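In this document, chain identifiers A, B, C and D correspond to the written order of the chains, with residue numbering beginning at 1 in each.
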Amino acid sequence: MKASDRVRTELTDENADGRASASDRRNGKTSGPSESSRTEKIRRAMLLTILPLLAAILTGGLLILALGENPIAFYGTIIDRGIVSPSGLQETLIRMAPLLLIAAGLIVAFSAGIWNLGGDGQFLLGASLVGGLAATVSDAMPRGLMLIFMLGMSAAVGGAWTIVPALMKARYGINEIITTLMMSAIGVNLASLIVKVWFLTPERGLQIPRTRILDVSDRLPTLFGTRVHSGLVIGLVAVIAVHLMMRHTTLGLRLNVLGANVKAAHHSGLKVSKLIVVTFLLSGMFMGLAGGVEVLGVQGLVRAGFNPALTLVVVPLVFLARMNGWVTIAFVFLLSVLTIGGELATRQAGLPNDFGLLIVALVLIFMTVAEYFEARRIRGERTVWQTMSDRLLARGGAGV
Amino acid sequence: MFDETLITAVLVGAIAASVPLMLAGIGELISERAGVLNIGLEGMMLMGAYGGFWVAIETESIWLGFIGGAAAGALASLVMVFLCVRWGLDQIVVGIGVLLGAEGLTSLLDAATFADTRPRIGITARLDIPGLSDIPVAGRVVFGEPYMVYVTLLAVAVAGWVLWKTPWGLAIRATGERPEAVDAAGVNVVVVRSLAVLSAGVFGGLGGAYLSLVSAGNFIPMMTGGRGFMAIVLAMLARGRPLLLAAGALLFGFATAGTTALQLVGVEVRPEIVNSLPFAVVLAALVLLGRNEFLPSALALPYVRGER
Amino acid sequence: MDKTTGIRKRAWLLMFVVVALVTATCGNGADDTTTTAAAAATTTTAAAAATTTTAAAAATTAAESMTVAKVAVLVPEEPTDFGWNQQGVEGAVAAADAAGIESEVAGGLGYDAPTATLRQLAETSDLMFAHASGFATAAKEVAVETGVPVVVWGSPDDREPGLAAFVSTSAQEGGYLAGILAARTTQTGQLGIVISADDFNWTRHSGGFIEGACSIDPTIDIELVQIGEGGYADVEGGARVTAILIAGGADVILGNGDGSSFGMIRAVETEDPPAGADKVWFIDVIGDKTSIDTENILLSSILWDFQPTYLQAIRDVEAGTFGDVNYDLNLATNGIALLRTENISDELWAEIQTARDGIVDGSISVPAADTRAAAEQLLGCGA
Amino acid sequence: MDAESAGSVKDSIAPLIEITGITKRFPGVLANDDISLSIEKGEVHCLLGENGAGKSTLISILSGMTRPDAGTILIEGTETEINSPRQALDLGIGTVYQHATLVPTLTVLENLILGNTKGATLDESEGRRRLDELASILGTDVDPNAVAGDLALDEQQVIEIIKALWKGKTALILDEPTAMLAPAGVAELGKMFQRLKAGGLAIVFITHMLHEAIEMGDRVTVLRQGRVAGSIGPDELRSEQSERLRDRIVEIMFGSEATELGDVAELHVDVLEDHPDQGSLEKATSDAGGRSIGAPILKLDNVSLEASPASHGLHNINLTIAEGEILGIAGVGGNGQAELAEVLAGQRRVDSGQIHLLHDGNLQRIDRLGVHARGQMGLRYVSDDRRGEATVGSMSVSINLVLKKIGDAPFWRWHIMQAGEIQRNAESAIENFDIRTPSADTNISKLSGGNIQKVILARETMSNPRIVIHNKPTHGLDVRTMLMVRERIRQMAAEGVSAVVISNHLEELLDLCDRFAVLSKGRVIGIVENGPDAERHIGDLMVGGTVS
């Protein structure tokens, strides 16, 4: 019982009546106003998504204008390339596949109140093992079997890489933010080693160290004659399945209780330590699967030093989507449009490609700020401006 | 091959590799001690690298450049101050926002200013005490480094002194452990944390400026190359003690420089292993200690009076 | 329950939207006149049995009738590094200008996800220069898929008539000349080579450099060190490694890097010359950094000029012979040259020119060291 | 009113601290309702009252932690706003909070000088000097270099007092400082008060122990339900016999049953009109003890839990509860009640000892079983921490009603939630327990404390309970819900369902229970049968802390 005691002491502070608990706030689970009202829903969507997005677009636009470029043309290109043009839309959908799987892994973790920030390591380990083995395995078995085997393996590897943080959290209550980040860094390096030491192919010619190429015809099948590979379906199914699982199954409810209130989880007789481990494993499996899908669907091989570092951006997206699968899909779509469209738009505007990151950062920050105002509004608190003026008036001499 | 000059060279290399980590690490350490996990440190370093270089080019002064770098880092940390400390928003989400924003912004500014001509700043002056700096093996390292190295070591010492010997340091250490106690003692938690995050920006900026002003002599997009994250880990390893941080950074620098030296005698140490080591050490320490005392207990938790 | 129905409804809606989008995508693609080739290639891929030969055959016919109106060049970092990325872009643009056609530059793409950009550029260009070895696989796949030919930095086997040609450098030839220069310049009798990563271009430079230096002084002492695995842009690493070489006694440094070169230059500028030398010299690669050489330490540079090769590629595509041969940058085509700075005396330059002529006419042969291990075997001048 | 008049009798100059009309409302709770009282120099002013009476809120207003919605504070006659702890400290008001405010990783000295040094460096010598000075005033010996987290609870308490005195040159406020102290420590505290009073300090002292208030206090103010219920001035305190004083204070605190009912009637007319049949507390009380009691259903043998820095633990608890019996657990809060409840519920494993529960006709050992298994055997737990533990605020009422049945049929089939069943269950609970909620889908955090308690009660008592542990079942509830909860407990007992009721309200225990076990420092120090003398017996055990 040592473990549960620790978790308890971590959160034993009493909550004053009517205030959201610390864990509630961390998970962004400030309870919304009555769910039934449709206009309220639309208003919230406006306030939490559309408004910050517009603010980010506006700020970015001003920046572009200041740089002497045409912001309307810039955003026009993003939309045209990211959504309107058929080939661009295909690329957007292709880009979504691994992001969706990562998001699915994060939804599970965040719903259970666990910050799995080690996605990059889990992703890359899944990717490198698949990259290393897929071509060889495809010599030995038919494509379908090979794909299933490889996808399963990537999931297993991703899950396995979470065991250390999981046990440390379950056993000693050690902050998983730190442990998953550490394991991720080690995983990134290990993935590179895997490629260079165990799966280095002699066929690479003069290229940098890489694994064998999986033949295009052996990769994930494409959808409806497009270039979009079936990883998109796997990703969509994963997010929707996780969404439904969190809402309709026993495990989902248990994880939600764990995430919303650890004390209540103990009180309800949930096996908290076990649930923590299950959460980590599930989350890591989706991350690893994302790596597998990216290799089997797009890359076909893994080079040493391969690290698209996808998770970092998905983390805030899932958090801001409040772990809602549908909203997450929308956000992932938005991010993909920004990435695919942004690459062309920056190129045409003569801006560096990294400018897209700035737009993403602006969206994130404005959404967070909107979240904050909404939370305050729900708690019935006064606006920040009122509070600030109060503080200014009350300051007189009260330093530190 | 392992003669005196090479040992000197390894020591010099170790210092060169560790100074940016030390600078950024001090800032992160102070911030973590006050309970704020500053994931955006890498972004603050980039801002410092660019800002420092810009000021140095404009003013033709390296020292003003460092001040500019500190200011640019502080500017980036203001986002954290307002959103995380004042409003209690999530430190991770905002930290990632700061990181991405700084990456985009510095690349953009670089494209707009230096990309075409790639101007460079003159070499930084080094301490040179005739006689002393010529002492075999250690003379160059002890008496012949760029001035900023000594400033960094001084900053480490000062940070240690501030943290352990001043009321400010006491308040910072207490805030990371139990902010409500600090509040009850009449110390404003928001002010303490704001200043701690600001110092993370200042030191992160200085670390970045060291890269652009001393290591390279110019700014290159994304030039920090993950050093911000390494500094975060080192700050955790140091458990709030700047001297331990400096030792950790030096050890890491020594390991990387040593790896280079080993190449010269034909011994290959895979860089992946060297790069993984600090992380593995932190994990091992956490496992062995098996408890959270390794980190400030209020780390990454926002504080709002009356809501605990 | 209302809630469940709502969720089901939304699930169906989403599925519908996805399917609709995807189908719409296919339909539109066929309508789009500019992407007929792409659509055709897509169909081939969709048939799942897209063997390389059939796709290649299909594409070859397309290539034969092609006039090149526009070329595209893709580089992993921003082309402002006075090195690999910038030279590649400038070479491609210059080639396009010479051919009187359009060019498009995609910079800062990173190494991990070039496919989307390749496909986008394939829609608007008739030839693509995938200017990074990390792009080779993806570029060739896109070429097969779209029929738009690519020039890749990969392996000689990547060559595919009408679709892909491999470009390499006889960088060792430039390295050889630089080696002569260094051996004549050094006062300590020690030279240093820094490579930012285990990259065949770097090891070829290095191997040639060693051979060249050995041809002058077989007792010369040369050290080769690598910054890290992907140390292309690692400024601090470049500075650190170079400082160690200088401390070890080297007074001429050959620096192979992109962004990391700036760190190497900084170390050459800052570090005390080793005992017996008045000054440390730096020999750069690929680009010409004379304009930013504030401390006058730049001895020379092994210049690469992609313009002639890339122009040749354009001509070959137009002639329908693209992919029949691979390309090579070398001294004979002026794709490789040694930069003459003010710091090289007339007498020494004449000696270097003699060696150049020898390489071009084949009287001097410089083997290519394609890996770091191969380059390291040359250290010690065969002793 | 009493307080004001008492103040004005003493002298004509303004009191040290005078508060008037202080009102503070938290969502769903009126914590302070127009409170006025004054605090004089050189006096120990005791604040008494049940948990939830508003004492801690009042204290946090004085210490600058909370700002009142209405009311004024006058310090030596000047109206003053206290917006932050800093301001309170600058005014010389030092506070010892109920929860620890020491930073466990810092040394004693560092804790003390935190926020209390001027200048650039930590002036440790000045700190030591002040520490020695205060320690000698208090008559204790303190190691300045000890790490605070390593100290025993009573040692920490002394440090907390020193910390409060550091700046508290005007007034010292202590929120239940004796709860964790041994009797010797309490005596020591009394001596400290004498010394501090002599120095002209005003002391506000919150306690549950009547004898402490009588022995140490110069003035006693009793709060009830956020209001001042009455007060006793220094003259009366000094002149009266302690027995008489005690009766008087008890009367003000709990009211005689008649006055209690009067108050209720006056305050909640509408309530009584709604449910006239539930209004009579007198009638209900007379029911207690009149039932037949069956065979043992729950048996605790030498149940022990190791003490920790935060808890006294449990020591060799032996208890037997019979079918249909209501056992009260009396004692001052923090003496092992929470631990006992959690051990019984299965939330915490015992370190030694056994627990047996009547199941399938014989007593079966259950101390290795978890919450869910015990729940299915009919053992249920109504936690006192309604929002923090017993419910998940961000989830709906209907989900909270099945929180302990996750995975059980009919609410889940093949691990899939059966929304219809859960909805039906919620609707029946809402109807049967009169839960006032907009809908079953409403987040439970939106409900008032009373309605949340009804949800919890419904969850724990539906579907065949055998024995229910009630931890402070009516704490903080309005009178109507309180009566309803008590009635439910009584009614179930009549149907043979046993209950263990933990409460700080003696009146409540006397009203409900057949038998009482008195807990002190994790031990059962006495078992008392309900009857005419029960109150006196329990009171002796509780306030005396010794077995009589």
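What we mean here is this: a contact is a pair of C-beta atoms (placed from the backbone, for glycine too) under 8 Å apart; a residue touches a chain by one contact, two chains touch by 3 or more.
None of these values were measured; they are calculated from a predicted model.
Novice: When you take the mean of every protein CA atom shown, which chain's own CA mean is nearest to it?
Specialist: A
Novice: Could you let me know which interface, A-D or B-D, is made of more C-beta pairs in contact?
Specialist: Greater number of contacting C-beta pairs: A-D.
Novice: Can you compute the centre-to-centre distance for chain B and chain D, using the mean CA position of each chain? Integer Å is fine.
Specialist: Those two chain centres are 48 Å apart.
Novice: Please tell me the distance, in whole Å, between the geometric centres of chain A and chain D computed from their C-alpha atoms.
Specialist: 44
Novice: How far is the middle of chain A from the middle of chain C, if each middle is the mean of its Cα atoms, in Å?
Specialist: Once rounded, the distance between the two centres reads 34 Å.
Novice: Would you mind pulling out the distance in Å between where the CA atoms of chain C average out and where those of chain D do?
Specialist: Measuring from centre to centre gives 75 Å for this pair.
Novice: Touching at least two other chains at once: which residues of chain B meet that condition?
Specialist: Residues 107, 110-111, 115, 171, 187-188, 221-222, 272, 306 of chain B each touch two or more of the other chains.
Novice: What residues in chain D touch two or more of the other chains?
Specialist: 84, 86, 90, 99, 115, 419, 441
Novice: I need the residues of chain A touching at least two other chains; which ones are they?
Specialist: Each of 13, 16, 19-20, 192, 247-248, 352-354, 398, 400 in chain A touches at least two other chains.
Novice: Along chain B, where are the residues that touch chain A in the complex?
Specialist: 37, 79, 83, 87-90, 92-94, 96-101, 103-105, 107-108, 110-112, 115, 171, 187-188, 191-192, 221-222, 229, 232-233, 236, 270, 272-273, 275-276, 279-280, 282-283, 286-287, 290-292, 294-295, 299-302, 306-308
Novice: Which part of chain A faces chain B closely enough to touch in the complex?
Specialist: 13, 16, 19-20, 22, 25-26, 28, 63, 67, 115, 117, 164, 168, 171-175, 177-179, 181-183, 185-186, 189-190, 192-193, 312-313, 315-316, 319-320, 351-362, 364-365, 368-369, 371-372, 384, 398-400
Novice: List the residues on chain C that touch chain A in their complex, please.
Specialist: Interface residues on chain C, with respect to chain A: 4, 7, 10-11, 14, 18-19, 21-26, 28-29, 32, 35, 38, 42-43, 45-46, 48-51, 78, 104-113, 115-117, 119-120, 123, 133-134, 136-138, 141, 144-145, 153-158, 168, 197-200, 229-230, 370.
Novice: So in the complex, the part of chain C that touches chain B is made up of which residues?
Specialist: Residue positions touching the partner: 77-78, 80-82, 108, 223-229, 233-237, 239-241, 243-249, 259, 262-263, 265-266, 269-272, 274-275, 291-292, 294-295.
Novice: Considering only the defined contacts, which chain B positions touch chain D in the complex?
Specialist: So the residues of chain B touching chain D come out as 165-167, 169-171, 173-174, 177-178, 180-188, 293, 305-306.
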